[in-house]
Amino acid sequence: MRVGIIGGSGYVGGELLRLLLFHPHVEVTMVTSRKYAGEFVFGVHPNLRGATRLKFLPLNLSDIAKNCDLVFTAMPHGSSVNLVPKLLEIGLRVIDMSADFRLKNPDDYVKWYGWKHVHPELLKEAVYGSTELHRQEMKNARLIACPGCMAVATILGLAPIVKAGVIEKDRIVADAKIGSSGAGSAPTIGSHHPERFGGVRPYKSVGHRHTAEIEQELNLLTNEPVTVSFSAHAVNMVRGILSTIHVFLTKSLTDKDVWKIYRSFYQGEPFVRLVRYKKGLYRLPDPKVVMGTNFCDVGFEFDPHTNRLVILSAIDNILKGASGQGIQCLNVVLGIDEKTALESMGFHPM
Amino acid sequence: MRVGIIGGSGYVGGELLRLLLFHPHVEVTMVTSRKYAGEFVFGVHPNLRGATRLKFLPLNLSDIAKNCDLVFTAMPHGSSVNLVPKLLEIGLRVIDMSADFRLKNPDDYVKWYGWKHVHPELLKEAVYGSTELHRQEMKNARLIACPGCMAVATILGLAPIVKAGVIEKDRIVADAKIGSSGAGSAPTIGSHHPERFGGVRPYKSVGHRHTAEIEQELNLLTNEPVTVSFSAHAVNMVRGILSTIHVFLTKSLTDKDVWKIYRSFYQGEPFVRLVRYKKGLYRLPDPKVVMGTNFCDVGFEFDPHTNRLVILSAIDNILKGASGQGIQCLNVVLGIDEKTALESMGFHPM
Amino acid sequence: MRVGIIGGSGYVGGELLRLLLFHPHVEVTMVTSRKYAGEFVFGVHPNLRGATRLKFLPLNLSDIAKNCDLVFTAMPHGSSVNLVPKLLEIGLRVIDMSADFRLKNPDDYVKWYGWKHVHPELLKEAVYGSTELHRQEMKNARLIACPGCMAVATILGLAPIVKAGVIEKDRIVADAKIGSSGAGSAPTIGSHHPERFGGVRPYKSVGHRHTAEIEQELNLLTNEPVTVSFSAHAVNMVRGILSTIHVFLTKSLTDKDVWKIYRSFYQGEPFVRLVRYKKGLYRLPDPKVVMGTNFCDVGFEFDPHTNRLVILSAIDNILKGASGQGIQCLNVVLGIDEKTALESMGFHPM
Amino acid sequence: MRVGIIGGSGYVGGELLRLLLFHPHVEVTMVTSRKYAGEFVFGVHPNLRGATRLKFLPLNLSDIAKNCDLVFTAMPHGSSVNLVPKLLEIGLRVIDMSADFRLKNPDDYVKWYGWKHVHPELLKEAVYGSTELHRQEMKNARLIACPGCMAVATILGLAPIVKAGVIEKDRIVADAKIGSSGAGSAPTIGSHHPERFGGVRPYKSVGHRHTAEIEQELNLLTNEPVTVSFSAHAVNMVRGILSTIHVFLTKSLTDKDVWKIYRSFYQGEPFVRLVRYKKGLYRLPDPKVVMGTNFCDVGFEFDPHTNRLVILSAIDNILKGASGQGIQCLNVVLGIDEKTALESMGFHPM
């Protein structure tokens, strides 16, 4: 399949490119970047030195139409909404990495993003790109909207227990910790090394936009309304998210009961690992262990003191939280092994 | 006042020593260490090079009796319980940095620490060394039990709002992030740089011992029972704690109402800063800003989406979380300005 | 080929295992560990969860003889010297990761390591496992001695210019910076996170043992004696080495001349990349870019002010500096593409 | 004394402000910032919350003339050159933190900075603000030009041995490692956390401007010309510099001889500590130990293998490398104890 990447100079675009270059069923026919048009991609993504002589191209719809069967759009939020309809129109399939097509309810864009969606007709068609939840729908989708990084970590941590109907659905606290790459490749004071190194910054304690998609996806799994109290913290690492999710049980459950709920939900999933060991340093999920992989490690501990279940969910924010998830969607679309091009097991230690 | 430090080779002992060496009302007469007896203290605490020629001494009660009026005991949990009674008996005042005298109810030692307290008679007498909560009692105390580091951060974040009686007291979630110095100076696999660097490890998701003292202190402020759902995470920094506390309001409060609750509670407190700015990178508490200081920065944000209040509380775990808090207690005992020897404002950036 | 790993619980053993598990021409038949015998390998190497159900075995020569054609020995320096001869005797091929067979001159073990070599007869036979320098010899070797991590970075940086005979051979300064994984998986005070984080420790300013093998290999390339002034620093990262090599030119050379010297030396080498761009953040080698790969990035800058050439050489200390180099040697032995199982391009950013 | 800070919003200005606010002989009468005029200084320097209600002012010469006796100018290189002459003209004393008045030879500005100095007449008058080398001259100086951070670390490491005349003066290699704060407070791609974290970037291998002042100062100590081969590396820390200096001895010296050379040179210096212990983790200088202090720790090791002396020199780049050094100069000007306001011993661990 001939695949293009629109917006290939950022961190998500760079990882898409790396994964696609080694994908046996894909030919990367073009990578666009307004800023770097004409330059070698390895100038921006130094890890690709020696792997490719591709250069960034400017964005040109007719070139894309000619050379691609499917495109990944990795543009800033708010830019995809205008481009994607045009790409669909010229017959391309699109896997969009932005937030622009994730939400089903157009009103949610006004509420959470502050702008009115100009293509609400596509929201219904777009498939939310969490393979674990929407595998069937994405097989023939024209448009897949890849989940937000903190959203996917939190959703995968919560989905089984929400579906099981055994927790208080309005007292869910998700406390996320994320690395600096999550803020993108453009320098800002918040990501300035002297300011970011060695601290824990509560950068979005309330009102985080990913709350919208988390609740949307969880509400599909249950009849009672689910609300999530989400907070995000910037910590001193580059890649990775840990979402620590605190929920209160409404039923008396043993550890084994909870384990069964998770195991049966994720049975056969190639990229969700249940991590809950009796001993060892990494007996629960830690983003350090999934860096460089497409895994989502999910574990939990029960706190009898307050009848609380603590669920831990760890991902690499650029892989399972973006580019890796996108490739997994592509593999579903292609009808091939979902692990294709996503075999990396990570490194220990890193 | 002649002051001794028992157990001076660890991180808490080292910072006690540094602060006491520059304390205008104190003469450090002895510092003990079994392991390093006979060696210069600056060999273990390299920052003290040039500041002192003191050497570590072995522990000898009659020497202590002769040379000290007050001692800080900075020994491992479970060791102080045997030594402190002897020190009191020979007429010394004691500020104990361990957990051994923090809890009022002897049963709590069985429940949370797994051992039976052999000097329960002292638990009633010991003053819990949070100056903000027990200033009056500590003035003439023989024995002050300094709070646990994550406990003090969490207690100071919660005390005003718990006392105000406006939150659900059984749905309090405290999600703490702590630096590696919190685990002490002895190398372990958990603090091994290759394993600790760049991750977020849920090292005590449930059952953390500090829960006991947090609940004890909060219950003193209110009539309804308070339970706390506490979880701790090891992050990639050396010093600092951020406790992110999620509570649900039972009353409709404006931001200003909450602000008043906190401001009136901490009015005049020299080491609690209310941090809640409209803009700037550090508009909410971040441990990076309090490193090297005795401050506890407390801030909050209200989440109308779930009627949640997110409270952020940041300290330097070795200072406000241990040695600095100990010196503050000493200053109260001495009847002098609490800020004495604790003037450091920290550094930006660090 | 049936391959075993002796000493599989350390960082080098873990990465050997990861690479071999995905090697298309290899079956990993056994992994030994005294300490972890009976336990799953993924308990020690958490990145391997889901990749293998292998367990560590105790070391048993007859089992090894039965099940392996070739073994990697990843044991502490000084342990291989006794085991390797036995492995050779029972007909195995050995790729040894320790220093025990790297040096040709038995006296060098006395001088640099402080012990007398008990199998000097094997030193001549052993092939120094730098593929770039000894590819032909290793094809049929029974015993390959993999280079030291800082040695290989420094040797690859220096080899072309030393061979070209254009520098002062007794004024070579190599100033190396290395991550914490280089010190191994056992916790020590030097690798204790609070002590290692955020500093630059000159841990071996003089007398580093890798000097011996660096000089040995460089002396093979030239007739005049080469001496190297080597110093190592521990910096705040987990993986990676940058060796900054300062040499003084004896001839007047243009940048282009130097470039030709390097390009012709490394022409066709799959894992040496010449990195010297006009612009960009990573225009010279940086270990950050080679993390997770088997590349050695080599670059240089000329300083007309003192007629100095600064050569930069960057590797991942566990891959090109150990396990990756070992797999590259294996591929030569197998007569297959050297890149087999070593395709990872790394990640940006990481 | 009434002191002003011109350019108070950067890292150097912020640390000047912190130190001056607690300086017993100083009243900070104004702090200017074009960008932040009208805002509280603690908004930019969060560590100063609670310490001052000062606001940034715009730059206004007549206000400065009215309110200040001495000013610190902490502006970008190339800006001081125009402002300082005006400040001197209105009768102020100036301690300039930029490079604009450090070099004696106007031609050096053309050579190293690429611009022609418009006030060469002031270069002769300006005192290079290394207290250890120019204490007498600065007592009555109108204009003190504070040294560059990497320059001061390297100069203090080399001065004694250069003066002693026992090394090859054209084969001096200084390999410096510096934290991210050295690049200033403005976000750039080079200091973007995802790009800076966890690497070692050779950011100025040749041609670093500090070479000019290093050589200038060393040449004052000896008759033979000294040239320095300087290279700088960006490492993963915020504060601190380690300059590793490799020199070759021309005479046969014992360790004790070298020790005497250094001890006699720095006898009585309050901020140079000779660090060379037989054991311990920090037996040689490490920037980690001097963070938050005005110390320069200097140590060395002799390498008989190549007759090389390795000199290690560590400072906090913002303190001894800038603001702390500036305050030390001020104390000389004031004729008071040089340690005034510079008592901080740092923290262990940090």
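Labels A, B, C and D are assigned to the chains in the order they are written; within every chain, residues are numbered from 1.
Assume a contact is a pair of C-beta atoms (placed from the backbone, for glycine too) under 8 Å apart; a residue touches a chain by one contact, two chains touch by 3 or more.
Here the structure is a predicted model, which means the values were calculated and not measured.
The chain with its Cα centre farthest from the Cα centre of chain A is D. If you compare B-C with A-C, the chain pair joined by more contacting C-beta pairs is A-C. One simple way to say how far apart two chains are is to compare their mean CA positions; for chain B and chain C this gives 46 Å.
In this assembly, the C-alpha centroid of chain A lies 36 Å from the C-alpha centroid of chain C.
Shared interface positions of chain B, defined as residues touching 2 or more other chains, are 11, 181, 189, 194, 197-198, 236-238, 281-282, 286, 289, 291, 349-350. Residue ranges of chain D in contact with chain A, taken from their complex: 11, 179-181, 185-189, 191-194, 196-198, 236-238. Only residues 170-171, 173, 175, 177, 189-190, 194-195, 197-202, 205-207, 211, 227-229, 231, 233, 235-238, 240, 242, 244, 246, 248, 281-282, 284-289, 291, 301-303, 305-306, 308, 310, 312, 314, 349-350 of chain C touch chain D when the two sit together in their complex. Residue ranges of chain C in contact with chain A, taken from their complex: 11, 14-15, 18, 22, 43-51, 181, 198, 238-239, 273, 275, 277, 279-282, 286, 289, 291-293, 295, 297, 318, 343-350.
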